[in-house]
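Just below sit the structures, each encoded as structure tokens.
Both complexes below contain chain A, partnered by chain B and then by chain C.
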Partner chain A sequence: MTMTTTTSQTGSASAWPAEPEPTGKRRRAKKRSPYPMWFYLPAAIIYGALFVVPTFASFYFSLTRWTIFDSQFIGLDNFRTFFSEPYLFESLINTIIFATITSGMKVVLGLLIAVFLSSQIIARGYLRSVVFFPVLVSAVGIGVTFSVLMDPFDGLINKVLAVFGIEGPGWLTDPNLALISVALTDVWRGVGIAVLIYIAGIVAIPQEYFEAAKVDGASATKAFWNITLPLMRPATTTVIILSLIGGLRSFDLIWTMTRGGPGFSSDVLASVVYKQYQAGFYGLSTAGNVVLFVLVAAIIIPLFWFLNRKEVDR
Partner chain B sequence: MPFRLRRGAFALPAVIAVSALGLAACSSGGDPEPSGSAGGGETTEAMEPVELSFLVDNAETSIGVVEALTAAYTAAHPEVTFAIEQRPGGTEGDNIIKTRLQTGEMTDLFFYNSGSLFQALAPTQTLLPIDDIENAGAIQDTYKSGVTADGVLYGVPAGTAMGGAMLYNIPLYEELGLEVPTTWDEFMANNQVILDESDAAPVIQTFKDTWTSQLFVLGDFANVLAADPEWADKYTANEVKYADGSPAIDGFVHQQEVFDAGYLNKDFASATFADGARMVATGEGAHYPMLTFALAEIQANAPDNVDDVGVFAIPGESGPSPLTTWLAAGIYAPATTENADAVKAFMNWVATPEACDVQTEAVGAQGPYFVDGCTLPDDVPQMVADMLPYFDEGNTGPALEFLSPIKGPALENITVEVGSGIRSAEDGAALYDEDVKKQAQQLGLEGW
Partner chain C sequence: MTTATGTPKLNKTYSWVSGTLGILVTGVVFVVPFIFIFLTAAKSRQEASLLQFSWPTEWALWENLVEVIQTRDYILITAFINSTIITVGSVALMVIVSALVGYVLQRRRTRWNGLISFLVLAGLIVPPAVVPTIWVMQALGIYKTLHGLIFIEVAFGMAFCILMFRAFVATIPRELDEAAIMDGAGPIRLFFQVIFPLLRSVIVTVIVVQAVFVFNDFQNPLYFLPGDQGATVQLTLYNFQSQFSTSWNLLFMDILLITVPMLLMYIFFNRQIVAGMTSGAVKG
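Now for the complex of A and B:
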């Protein structure tokens, strides 16, 4: 969570300078704040003790082999192990695949569903809540439910397919399919948030644009491509960033559905870190967390900067 | 608290990890313990009442054993009562035990594996030494070696010896006129007959519960030891590897062979341990490589078929193959317990023939005990009866985890891969050798 807050702060700061006036005013206003600085102290202590210190401590401990009682400095050995063991490295690839699939599908599906749900249709409010409902259910509950549904022999999905004469695959037991199946479940669970953000974006578009387009004789498709889509860029940015961060850090669904299996075929960074911790390899697992931190930062910060820059240029 | 415990019973890993930590946090402030011995009770028979907390995993047999032992002890010593707390098994459980020990939040007594898992607790720093209990001498030396660190004894045996063996369906064997195999080739020949002449799956595998996939490798170790008695020591010293070839690699190779030959049940990837126990009991499958503690599962869920299941040692290259045995789990106390005297008195009592009889009565005869003077009833289940001759003839070998502290955590994932054709036996063995390196380094062993 630290990541999200810090990036959004620095990100928005770099996005704003295009309009110098209001920023300048705000800065001056801050300097003249009537509140003494020590008002910040309680927040600073909590933030420091719970976020800053552990974060920097973990950078150090990732260079050691430690137990609760002692630690031994071993330089970059943990990272060397992490990148040299085939399944640890595979987890890195899986993490990126998982994040890309879930994020991409949430953007596309979210946008389509949002456009559909903001048109004049019957039972719109009901359908909106149906789409949003999975977001409210616990990930563990969803994971267990879907692993039952996806059972290759007794699962509902394959039983339904069997009615049509299709022999369904082992959704969670086929090593080539397991990660994809979990990703699809994650899309089912998380698309509601994307839809919500998109609906808010669509509603915020002034109706005048659509009326003007209609007067000019634009078709619905044209209006979508030339009005809705460009004006939804801020919403799209939010959806991409949120779902990408969520996808990179994803753990709960994967753990309840496959535990990274079969074998290591659906292991992601977070599940590997957890397994190494369970095994008592605290140093290695800390190193995994640092890798995860760097990966999230390395993907999200440039992406955020890039997406917001486009937004300002418009 | 009961709400949390009930959630644990669902075996939802993430929830359990969190709720168990919650429990750990509660237990210090939540239920203050009457300070029996701390208040100056000199003798173990102090009349001051004391309640001992006791952490046990949620397997049926473990709970049965612990409940019977504690109830019998309270009956004889009314001033000592117990509060039993459950935890999940497997790696989730390891995590809970380690965390609670290292943060000083452990219960007065706990039930846990002996051997390498015990060694991984850093016993010299976290556990209460019990060398001075009266009955320490009655515990068999084979067992003591599994609960001793730096020459100091830390645990007493609870439960019985187990075999890592091949469970088989006796009616199916009789129907097809098969004989119990003593070598791998005979075993594979039997499998072919079963495949050709019956509907049963020759070999059952249950990879939904990944730990069940390890038996071909772990249960083959007595064969490795028979071929090279020094193997375990050399392994600890980093002188031999699984990937070096026969005999160590045979377990991986065998696992690949049964998959390649198409002998597995068709739902092997999604079946659970409970499914496997049911299948071998009812004859849906012929062989199930498993620890003999599956007896409890069969007794609970297929009581009519208990005597249809027999046991033979996992066959090696040459017969008669020895049985790979597991030591009983142990009862330990953390160094931080405030009731050391009462705890030791209880542990002392557990190492008596009387306590063995209490266990037999509660969960049935599961195998031989590790305390001198303990006996089994004449009428034991078929699986135990099949296992006893191996012990009587001395045709057994301990599992690797009792001879070496090194056990890599990824073995179950690797054996799932080898057993479902994702990875070859050679690659799997080599990958496992890499995996154990981390464990050896974490333990600070020399030569790694």
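Now for the complex of A and C:
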């Protein structure tokens, strides 16, 4: 990398103000591309130092007892702790549950809302904007707002339910429900992106398909199952992968709404990483990071390959 | 989709009935929480503590605004200044460095291309390792500094931008480059005077989308910029959450304050935001 840098830099410096003798220029033009490699350099330095190096370093430090200043190699002890302590291991399960719920709901709701919002209805533009806006609001703000709305006694949601005679649950205080409540909030916040992606896909379907289906006497429901749904495959791939990546890494909402509680019932990997970091267990925290990395890779890479292969087959 | 039925009259009925239904449902699900934020931010302390969805008996919007700004020695002002610096700095840097990469990556075929594309995809997928990043930042002396966080945001947001730029550069005909080279433009002039101006529409999209992301970012400032000195708006809100557990009016005033800029962005840059979120997403 350094060698290309120095050579092309001198090259461009001499060539830029004025061209030297024609023969030299011709010979050099062969070697020197108008798209110099050093254009990569600024990005490579930042990305390499702050992303690539820490990622590789994490594999080593996850095997150590670590206090930033000095580290002691302890083999797989951190991982052993991680998988034997129930409160740590539970976070792995919770992460998978959280990602599955959010991603599944975003696919289903996103598609339904998108079909609805691309039919001929009044105020379509307004409705699309309203559904999308929460995507732009900070997770902390939404987390605070919904933890108030989900308050078991004074919260708006349970008050509305009470009007209908339903006794609302303790959304964030019930250990069995806390994770799901946060997941629902995450769907509320993120479904707008899924809707947008699906709308873009639906708009791209040629109208003739629907006209032909109508001529053949297919109902609207049938047209949905046999035309819209199969053609939404690429969009669905995108939505699944995007929301899985987001869901597995999710931290902001969970941390502002429950801090992993009550108990450890809504802890996910990202919140465990933060808790262990705060507690000063840097090695264990980094091990959590590595587990998260492996989990993301183990889910996303096969899925990516599988979904894309199916697409090619068609 | 459902338009495929019957007479125009029926269509019109459908259009009105469903549209109205949609407005009602989204009104309850999506609009009410925002109205709740606004109403609570406008109430007095006692009234806000009831957490009711009701009209304020007395409007205290201005008083709450003043009080929340004065809290803890005007920390909110510091936070807004810091967040602005971080957002502007990182987005500007991100645009330049990733435009350079996206451009060369699209134009030049070398044996590095595969590796670089892989690294870009990895940047979208791999969760950053927190403590090792702090360790590197400490070694470089940029931990707990604004510019340190700017570099972090650039490193983590770069992958998305590169993909956007690479896709857009592919639509610029190569003949343009060749013409410029014939006219004696070097690599730097070719990029900055010929290509870069043509990227304007995608640059606007990248700026808007990344500005939203960086401004709303909570996790990275929490890890890499702790302490009151480097408070950002999201961190301040997070700290207020425990501090204002009895004064919801002030807490929701703060939420209102950080939501309004996003609302303005959305009103002015609706098209770019939608384009960026979907096109970038499809490629990712």
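The rule is simple: the second predicted complex is superposed on the first by the 276 of 314 C-alpha atoms of A that agree within 3 Å, B and C clash if a C-alpha of one lies under 4 Å from a C-alpha of the other, contacts with A are read in each partner's own complex, and residues count from 1 in each chain.
By definition in this document, a residue touches a chain if its C-beta (ideal position, glycine included) is under 8 Å from a C-beta of that chain, and two chains touch if they have at least 3 such contacts.
What you are looking at is a predicted structure, and each value in this text was computed from that prediction instead of being measured.
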Based on the superposed arrangement, let me know which partner A:309 touches: chain B (first), chain C (second), both, or neither?
neither
Margin query: Is A:259 touching anything from chain B or chain C once the two structures are fitted on A? First, second, both or neither.
Written below: first
Can A:65 be said to touch chain B (first), chain C (second), both, or neither?
first
- Return first, second, both or neither, reflecting whether A:80 touches chain B, chain C, both chains, or no partner chain. neither
**Prompt:** Where does A:222 make contact in the superposed view: on chain B (first), on chain C (second), on both, or on neither?
**Reply:** neither
Chain A contact check, chain B vs chain C, more residues touched by chain C
Quick check on the superposed pair: does A:43 touch chain B, chain C, both, or neither? Answer first, second, both or neither.
second
Q. Looking at the overlay, what does A:144 touch: chain B (first), chain C (second), both, or neither?
A. both
Could you say whether A:275 touches chain B, chain C, both of them, or neither, answering first, second, both or neither? first
Chain A positions within both the chain B interface and the chain C interface are 68, 140, 144, 151, 252, 256, 277
Seen from chain A, its contact residues with chain C in the complex are 12, 15-16, 19, 33-37, 39-40, 42-43, 46-47, 49-55, 57-58, 61, 66, 68, 115-124, 126-127, 129-142, 144-146, 148-149, 151, 154-156, 159, 188, 193, 196-197, 200, 202, 210-211, 213-214, 220, 223-224, 228, 234-235, 238, 241-242, 245, 248-249, 251-252, 256, 270, 273-274, 277, 282, 285-286, 289-290, 292-293, 296-297, 300
Chain C residues touching chain A in their complex are 1-5, 11, 14-16, 18-20, 22-23, 26, 29-33, 36-37, 40, 50-53, 96-98, 100-101, 103-104, 107-108, 110, 112, 116, 119, 123-138, 140, 151-152, 154-156, 158, 162, 177, 181, 184, 186-191, 212, 215-216, 218-219, 222-223, 233-234, 237-238, 241, 248, 251-252, 255, 258-259, 262-263, 265-266, 270, 273-274, 277-278, 281-282, 284
Listed in rising order, the residues of chain A that touch chain B in the complex are 65, 67-69, 72, 81, 85-87, 140, 144, 151-153, 170, 172-175, 252, 255-256, 259-265, 275-281, 283-284
Listed in rising order, chain B residues that touch chain A in their complex are 12-15, 91-92, 94-95, 98, 102-103, 120, 122, 125, 207, 210, 266-267, 269-270, 409-410, 413-414, 416-417, 420, 422-423, 431, 434-435, 438-439, 441-442, 444
